[in-house]
Amino acid sequence: MLDEQTVQVNLPNQLGYERVAMGSVAAYAKSVGFLPERIEDLKTAVAEACINAVQHGNKGRKDARVIVTITFKEGVLGISVFDEGSGFTSPPRDPDIVRIMDNLDPPVGFGVFLMKKLMDELEFKTLPDRRNEVRMAMRLSK
Amino acid sequence: MQQRPNEITLQKHGEVTLLDIRGDITAFSESFLNDAYRNSNTQGARKLILKFEDSAYINSGGIAVLIQVLVQTKRNNQQVGIAGLSEHFKKVFHMVGITKFAAIHPSIDDALKAMS
Amino acid sequence: MLDEQTVQVNLPNQLGYERVAMGSVAAYAKSVGFLPERIEDLKTAVAEACINAVQHGNKGRKDARVIVTITFKEGVLGISVFDEGSGFTSPPRDPDIVRIMDNLDPPVGFGVFLMKKLMDELEFKTLPDRRNEVRMAMRLSK
Amino acid sequence: MQQRPNEITLQKHGEVTLLDIRGDITAFSESFLNDAYRNSNTQGARKLILKFEDSAYINSGGIAVLIQVLVQTKRNNQQVGIAGLSEHFKKVFHMVGITKFAAIHPSIDDALKAMS
């Protein structure tokens, strides 16, 4: 996994540390030539994946970790966010802002929605050893 | 990792109340934003401008907090404008659909002009 | 080592990846309240430590890694850069620009010099398991 | 991780030759900087301005490359000015002692004025 193109960032399981992952991803993406606008997209997507890993995957456990890997191969920046949870029970629905504003739905579901919208690829994987991976990718050309 | 507290300044511009919000908008901003909204409300605001820093980090938790405020403004028949967002968060607010309920303006002046 | 305040960044042993460490450190330092000017100092210091880890510690070996830990405790940001080398043979001398300009000395030695100048603390440690640590620290108040 | 190549533009301003250097200054910049210097030299420059991007990342490898150029300018009795550095790298250049051999100017215009 940790090959010559791959950086791994290992974060405490606490809100706020997603900012460090954002900084790592932004610096990596800038180095390989992504434009500032796409880097903002990457930052938001990785932040949301980290926040979900803390809250849903690791359920706020203080001793858990969130692991982010960043790699660039064949023109594609790949980011994976790992937590120690068991993954998704059901695929989340896109939030419906009209229903939310009418108090018919709670204001949730924006994280996965934004990752889907901002990245070129998004994939959820439950791994054998009680770990969960959210994998996303963005092509450089775009 | 603590988030530095938000700072919010209230200003009256005729019938428009401006909430000048400094700092990042996340789940931690909930009480700040709600308090600020409550204050603006007791001042009987009919029209609100929410002004953000263009360097602010806004995440899904902050979006949820904002929407909770917008739910209240809708219930109270208040008109809301947004100013100061970076291009990225203009796009994000558009994606999420916030722009259906609050118009985004290029600057405070533009917002004041459009809403007065 | 990896406690609730500590982020670990694991880098390929190649020049250029120090930029990712710079981004991680900058984001961490910003989050805990360092001013932009001090963040620039931190970025330069961590970059130089990573470059030395790649070149001197890991001697350019493609399969080696550079590990950076970042932590903030009691108002002090601590950064350690680990490599798989055996550490320092002799403490490097400060570069003498006048001798360098007269071609009496080679233009080397700026990395450790800048780390010393820019950080509040700098320490070199050779660890048991054939690993080397360069530890530096900066107080927030400063 | 590749570094994007530097871009260097040469401009003549009277007896001053301006090297406008875009990109980061690291060990990878060695051939670019040396080539640019050699070109400026065949044009018979007596005075040189090295202009950097204020967003440039400069590391110890880049400093070594720069100093190698300065060693040559000293041997060739050329006067060198530096412009465009960020505040941080002004400080770094001062710490290292480069400012003993090349004056730092706030802008290209200031450098041209001071050196003409």
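For this structure, a couple of remarks:
Residue numbering begins at 1 within each chain, and the chains themselves are lettered A, B, C and D in the order written.
To be clear about the criterion, contacts are C-beta pairs under 8 Å (C-beta built on N, C-alpha and C of every residue); 3 or more make two chains touch, one makes a residue touch a chain.
If you're wondering where the values come from, they're calculated on a predicted model, not measured in any experiment.
Apart from chain C, the touch network of the chains stays a single piece. Each of A-D and C-D has its own count of C-beta contacts, and the greater count is at C-D.
If each chain is reduced to the centroid of its CA atoms, chain B and chain C end up 41 Å from each other. Chain C and chain D have CA centres that are 26 Å apart. Computed centre separation for the pair chain B/chain D is 46 angstrom, with centres defined by C-alpha atoms. For chain A, residues touching at least two other chains, in rising order: 5, 12, 14, 16-17, 19, 22, 31.
Within chain B, residues 1-3 each touch two or more of the remaining chains. Judged by the touch criterion defined above, the protein chains form a pattern that is neither an open path, a ring nor a star, and not fully connected either.
The full set of touching chain pairs reads A-B, A-C, A-D, B-C, C-D.
Across the complex, chain A meets chain B through its residues 12, 14-19, 22, 37, 40-41, 44, 47-48, 51, 95, 97-98, 100-101, 103, 107-108, 110-111, 113-114, 117. Interface of chain A with chain D (complex): residues 5, 31-33. In the complex of the two chains, the chain B residues touching chain A come out as 1-3, 26-28, 57, 59-61, 63-64, 67-68, 70-71, 74, 86-88, 92, 95-98, 100-101. Against chain C, in their complex, chain B makes its touches with residues 1-4. Residues 2-14, 16-17, 19-20, 22-28, 30-31, 62, 65, 70 of chain C are the ones that touch chain A when the two sit in their complex.
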